[in-house]
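Residue numbering begins at 1 within each chain, and the chains themselves are lettered A, B, C and D in the order written.
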Amino acid sequence: MPLPIPLRGIVTPLLTPLSAPGTVDEPALGTLIDHVIAGGVHGIFILGTTGEGPALGLEAMRRCIARAGASARGRVPLLVGITHAAFDDAVLLAHAAEEAGAAAVVTAGPCYFPVAQPELVAWCKRLAGASPLPVFLYNMPSHTHVQFSEAAVVEVARVPKIVGLKDSSGQVQYLHNLLRAVVKSGVRPDFTLMIGPEELMAEAVLLGVHGGVNGGSNLFPKLYVDLYHAAAAGNVEQIRALHDRVIDLSRRLYSVGTYGSSYLCGIKCAAAELGLLQNILAAPYAPFTGAERERIAAHIAALRG
Amino acid sequence: MPLPIPLRGIVTPLLTPLSAPGTVDEPALGTLIDHVIAGGVHGIFILGTTGEGPALGLEAMRRCIARAGASARGRVPLLVGITHAAFDDAVLLAHAAEEAGAAAVVTAGPCYFPVAQPELVAWCKRLAGASPLPVFLYNMPSHTHVQFSEAAVVEVARVPKIVGLKDSSGQVQYLHNLLRAVVKSGVRPDFTLMIGPEELMAEAVLLGVHGGVNGGSNLFPKLYVDLYHAAAAGNVEQIRALHDRVIDLSRRLYSVGTYGSSYLCGIKCAAAELGLLQNILAAPYAPFTGAERERIAAHIAALRG
Amino acid sequence: MPLPIPLRGIVTPLLTPLSAPGTVDEPALGTLIDHVIAGGVHGIFILGTTGEGPALGLEAMRRCIARAGASARGRVPLLVGITHAAFDDAVLLAHAAEEAGAAAVVTAGPCYFPVAQPELVAWCKRLAGASPLPVFLYNMPSHTHVQFSEAAVVEVARVPKIVGLKDSSGQVQYLHNLLRAVVKSGVRPDFTLMIGPEELMAEAVLLGVHGGVNGGSNLFPKLYVDLYHAAAAGNVEQIRALHDRVIDLSRRLYSVGTYGSSYLCGIKCAAAELGLLQNILAAPYAPFTGAERERIAAHIAALRG
Amino acid sequence: MPLPIPLRGIVTPLLTPLSAPGTVDEPALGTLIDHVIAGGVHGIFILGTTGEGPALGLEAMRRCIARAGASARGRVPLLVGITHAAFDDAVLLAHAAEEAGAAAVVTAGPCYFPVAQPELVAWCKRLAGASPLPVFLYNMPSHTHVQFSEAAVVEVARVPKIVGLKDSSGQVQYLHNLLRAVVKSGVRPDFTLMIGPEELMAEAVLLGVHGGVNGGSNLFPKLYVDLYHAAAAGNVEQIRALHDRVIDLSRRLYSVGTYGSSYLCGIKCAAAELGLLQNILAAPYAPFTGAERERIAAHIAALRG
């Protein structure tokens, strides 16, 4: 399916079902894709942070891409994360994405080697030149330790092959500014702006952002789709009610652990409790077990209730 | 060549000669290895930060490992950097290192996904279990955004397969503490402790650290070997004279650029000026050109003079 | 005027008019207070970050407090910033605030000495014990380098004398979480939660936060008061229109400089252009002059349009 | 006593004896000054970080300055910390220092308001203009969240009234660079460079730094004085032996607690165990009690043994 311009709605940053740490569980991947499409999501983004992309080996990433393409079958646009420390391997993944019928690739920039803004801009432009597919940027400073500055986004948004940005900084003001500087300014009226944290999706969409790339839509896709529609329509009563449910879910499922891995361990464990996949993570993270798993199970029961 | 226990002296964090961004220049790699061995270095560490390891694709890393093994021919111990966001690809590289006759592998821990200390410890132990070769730790918080805590080092130093640590934090006090806590305490009397920044090597070795993994030894290996010997012997007059030359070189060659990439761009450009390799870097960094290259050339002329 | 529980609406973090760096311009202080009250604001907060509180000497702070109390004359609640590295001087300021008829004091915690959460909690409790007035917390991690954790707020919110928190982290999710954990949970149903950045006020208030402590209300108080009312009422059309104006103002006035001081230099220069005070700042900041001042002047002309 | 140019040797960053949190214990202050002078230190620095300067109220700081001046009686140069968020109060303290017969004042720059390098340089120049005494800079990025860049030091070192810098960054390479850029370059041949962390003093002095401002010299002044002399003379055997004792002391006394306050709580508790002062700290820190105090007491007994 070709990429809507701009892309609007809920894009699921898909969990990667694993049968062993680092090994993709391909049947479960197909099932999970069917689950979120049935819930009404407007796109699927594989191999992002929620999908543990950078933690998977090159071969596992290729298998994941091929299977996701086959399973999605063009029902919704497929975006493929190609964030990698090595430029050449990122390009290999972009070609695999094209072969699988994906609509776009997504890059958070390089990791490991720290980059200044001009180096980050050069990376993105070069990647756009080498990629057979359109490119989304992914602002993820907690993991890449660099933020796409507003000036950098304005500059790369002039490259037609670069089509949008997902922001996971948690700073909604950054998106308010990008809306002004990139979209409304006329620099690139069709540039897509999406927000990562689901806890901020309603307000961002209400004020002009195009949609959300929200992890919780792996679990309960309809909740996020409904909230997106309420926000886009400016239905305040519905927004308040559904936003409350999203915050409740977030507080129950993403803060059980004691480290920065709480989100990822929590959402995968929750998906396992829902029967969507096995509770297996790639290194460096370990799945919740014992008391932590029980807490997630109890919360899932409460949320389903 | 088997790994001396502990490893002492100067280990060159080898630059990776490239014929195009991301493509290893294998003949130049052989020449560079001969150059540093002729200068008396006690070991070679490929695919570290100075070697742009994480910026190279998996296939290029494999070629680099194989060629380095063939070129070193057991004259000095060969250490291979396997720092990677994906555990499984790190293990692939460890096996390639063994096949090439390397003495050990080196890991800075995972990149991209942030880890807490217990997760970092688990990563190292698991890697030690999966690696066919002994493992060195590489404390590199400026790039990995995590520091191996003293408690973490004490814990992993109890794993026989984990044999040492290179510290590039620039905090010599950290090494003074590790010497106490790991080596002199008897936890692991033969654990190797090496220092990264060459500007701090003399003082660290004088006070008990086993050696330096110093980038400048790519260029002028004998200078660093001589300073190591002076420091180990406690020859203060020589230490002061040679340390001054090391600081002079560092200030001339590593601070020409304006970003964090100054060190890497500077040292590679300097090596090119010395005829050791071509002035080509892998993304995300770009080689010095124009005025910056001219400044490096002038400094190299002054240092040679 | 006693403190409404909870405090709702727009509280102006008042600029401190100066006649020389560090010297309060008392008549202009009175005029500015009249200006914002005429614009309908619901409270005044002096000696915060926007008021350059910590940059003023102890004697200047006392004069500012006395004059603000005399000028406000109980028309709106007066809050007084007492953030200080020295606990004892913070308490001196709290007593000065009481004498001036203030309704509450505000602390961002200590500066200079870094504190862990238990130390921050102890500071707040001890301050509540020593202060003759109710205490607001002020989460300002960009300046204090510590964030009040959710657990810390839950703990101190059990102290009756601690009545609310202003968050200037820019992370709206933090406030969504505090609303849940402190207010809706029943821990402290009347705890006031206010948001600092005006660019996020509409969405925060729409979703339950009590109001905004917004610098721009020094300049155009009615704009912020109107936006607050639209957000509280859930009037989406008005919210979108007024939020757009707030973002426009923010982008014009707060990003002219090149350092972190852009906000403070910009807003003070803008107030000077509006004739509200002289363009004088306390050290360490210097007022905009030349091209920067001209840009602010042009933007003020456009905004007044 | 006038300031030696450059100042060489051990300067004790004096603990401030308190009789209650925030209240100076003046008799104990006199005793402590006699103690360190008897141990041979070359100078005394009051109201620094170790002296809890910024945590004391303005009035307490004034009393401390007056009493220290009276107690030192010109036997060694007295330096007075005037680090303060408010420029005007820093100047008040500088005048108090002059009245007390101090030789110089010391500033870490402003706290609370974040500054860019040009703002930091302007602060220092302005302070030099307003201070009746010579000014030392104090590089303390862990507390001020700004580092004096090399370029900034080169610039302010051209101001005759600014006479030296104490570095507490823990990055010895920074001092190696400043020695080159400021002293050996001829920019300011008599500029004093001192190192804060005692664990790094020997190596810094061996390689050209003028001395150490080392907290441990409150406890055992002769140990640090002896190590300074060994390092200045290049006596390697003595350096190794005394450095080992310094590291041992540091590990025993400064890492008992669990927060960043471990150093300050530990050294004050140790001084109390030695009978030099009462175990009282100013907010935001609390003294060690119970098991923590017992551990310090046991370590003091072992060190004395």
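Note that a contact is a pair of C-beta atoms (placed from the backbone, for glycine too) under 8 Å apart; a residue touches a chain by one contact, two chains touch by 3 or more.
The model shown is predicted, which means the values in this text are computed figures rather than measured ones.
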Same or different residue numbers at the chain A/chain B copy interface, by half rule: same
Centre-to-centre distance between chain B and chain A (centres being mean Cα positions), rounded to whole Å: 35
Length of the line joining the C-alpha centres of chain B and chain C, rounded to whole Å: 50
Arrangement of touching chains [line / ring / star / complete / other]: ring
Complex contacts: residues of chain D adjacent to chain B: 170-173, 176-177, 180-181, 197, 199-200, 202-204, 206-208, 234, 236-237, 239-240, 243, 247-248, 251
Residues of chain A that touch chain B when the two form their complex: 21-22, 49, 52, 54-60, 83-89, 92, 109-116, 118-120, 122-123, 126, 142-145, 258-261, 264, 282-286
